[in-house]
């Protein structure tokens, strides 16, 4: 082979490899830049406007001033509580159904499950959140108002139900994968000892799949925690701590979505909103860490060495 | 002991019933949900709502949605595919690769409103773009980038090892083997990922809230891409279907229009998701057919 | 005269349209070791599984003929769950649950409804002793069973079966995944256990069948070709095909 074409060949090799490496670097840079911007913008509340972390996390006084002078109150407890309560409610509603569905499509009716049920669940997963929100607003909210005889149907309950339907597919399909990964030999051993199917599922399959199921639940929780618009549509948007599941309140995401557009650049309100975005970012990092922890635990369980 | 077995069997039957019940319930719920949104939305619409008009119609928003997602894929597909190739073919196990994976995971789990804020900050505040289709498209690119990267990596890693060795064995460089042997073989799988990414883009609203604005005044036939009313101009504000639904609910007007927008948006997303599903099934069947 | 444990008459089994077991009739005595031998795919494992209805778990299986245990038809007069409490099974691959050693052995008693700690402790110790593995494991009862060696895992699986106090133990090639030393431990164990249990073992290792079993049945292509006392089968096979197999001319 003559040397110039060879040189061209290797030159191209290096060029393409360089592009691939650059794209990898870009992804890293992008993530770091996002993190850096959030820290940069979100720290103003504490550094520039002098609020304490304790005030931000623990106080329900929310009167940030929409100007660069500051001096207002920036307690985000209402929104933190709102987020926690709606997500907790959503998990409470979605988890039993999702687990039941996952068991149905793997253990009870595997053929029907793989052919029809899983695609149906995946379709659920693809429905845009604004559509969920809109249906929640036009169907669920009036329903709650009439059935429970409230003045308004907007409520934590409505938000919890909308979120539950949204995260149901996530929990279902991750749990189903975890259950499918349980070796068949375990089921056979259980049946061989005279277990019924339910005993096998309850005492063998679910404990063995538990780390994967928990990862699925955390993934669902992460999705619920970050959802903004669907929740905004049905939660009623009042700045007050909730008293019951029929209360209207706000969450971190709904407050960001509704205030960010009105707030002045560089003002105290905007900084406080950025701090809330930073909090969302940190919480999603926490979720990732938890998922890693449970995945590793699952691996250790399957290998048996350390467990 | 017999009583125990009796009881265990009763519990078994009861639980089986419950599982069937849950499955049936969600099957019915999905059918009712999609049925209500699609049929309800289309039935309640008047013909002029389908028009490409500035107000009271969904035509321009539909166009904006598709155009915005198209632009965002122009950015995220090459980036994601190359990053996926890097991960599958070049990355050596080590700190850098592990960090890259953590970054991808972080990106994929970011709440979309946070991505929207980041897009707003970078494209609008720092780069001075103004609310525009491009700023929104780039935000969506950030959201879909991890999905495309991981699909590409999985697609390449899912190929039989022989593929790559055969390419290398004929004396080609690593890149030639990737370009001529591996990529063509996994394009169908990557396509599935791209279709799914598009589906996600169509429905996204929170990331667009502060980046694209709510413009819907287009002059059809105006193909001068610098003009603010030209459909092709990427620097104009552009209201998508999902943002339209959001705006209609905050202003509490014209529920029928929002219903129609929901129906069309849902149809669009379903079309893409079911398409991706059918496509990947088709590919799997073809591949296993070749083996047999 | 030994008591008969299983009486099988005209048993046929189909997987879909495949005729896997052809008209099998035999009597299996209690408190002896009966070995099923034959080349792979001959139906010996399938036949073993009909004795505790593990075939019920598979699709497209149809069975006709009768299988009686202690004079009761196990397909019409018993349900599979009760049957499997009486007929335990040890599988080819050791398959402990991903739980602790203790929880593995206690699983069976627990689903019977035994909850008392002292009672469970007693059952666990007794079963592990019977399976000759108590001394090795008594200090690691709380450790995961998946950390044990293959041979230990298999003896743990036997202990797990003993804990439900079955009358019969089915062993489906229990040593094929194990090394020679573990194999001989399991063989000794089987010899020891036949005092109290009826043991039926499937093996493709003819020396193993000759060493430990009292009776041997030779299977070929879904048929029970020859069945009798082990020494007769190996010393004076009546059928040409049996002779060919045990002299190693095919298989």
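Chains: A, B and C, in written order; residue numbering restarts at 1 for each.
Note that in this section a contact is a pair of C-beta atoms (placed from the backbone, for glycine too) under 8 Å apart; a residue touches a chain by one contact, two chains touch by 3 or more.
Keep in mind the model is a prediction, meaning the values are calculated, not measured.
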For this session: Please identify which chain has its centre, taken as the mean of its CA atoms, farthest from the centre of subunit B.
Result: C
Seminar exercise, completed: Sorted by contact pairs, first entry is A-B
Problem set entry | Centre-most chain, if every chain is reduced to its averaged C-alpha atoms | A
Exercise. Approximately how many whole Å separate the CA-defined centres of subunit B and subunit C?
Worked result: 53
Seminar exercise, completed: Distance between the CA centroids of subunit A and subunit C (whole Å) is 49
Problem set entry | Length of the line joining the C-alpha centres of subunit A and subunit B, rounded to whole Å | 17
Seminar exercise, completed: Among subunit C residues, those touching two or more other chains are 81-82, 85, 111
For this session: Can you tell me which residues of subunit B touch two or more of the remaining chains?
Result: 8-9
Exercise. By residue number and range, which residues of subunit A touch two or more other chains?
Worked result: 196, 199
Exercise. Contact residues on subunit B for subunit C in the complex?
Worked result: 1-2, 4-5, 8-9
Exercise. Given the complex with subunit C, which residues does subunit A contribute to the contact?
Worked result: 183, 185-186, 188-196, 199, 203-204, 207-208, 301-305, 307
For this session: Sort out for me which residues of subunit C touch subunit B in the complex.
Result: 79, 81-82, 85, 111-113
Seminar exercise, completed: subunit B residues touching subunit A in their complex are 8-9, 11-12, 15-16, 18-20, 22-23, 25-27, 29-30, 33-34, 36-37, 78-80, 82-83, 85-87, 89-91, 99-100, 102-107, 109-115, 117-118, 120-122, 125, 142, 145-146, 149, 173-176, 178-179, 196, 199-200, 202-206, 209-210, 242, 245-246, 249, 255, 258-259, 262, 265-266, 269-270, 272-274, 277
For this session: Would you tell me which residues of subunit C are touching subunit A in their complex?
Result: 52, 54, 57, 81-85, 88-89, 91, 93, 95-99, 107-108, 110-111, 143-148, 157, 160-161, 164
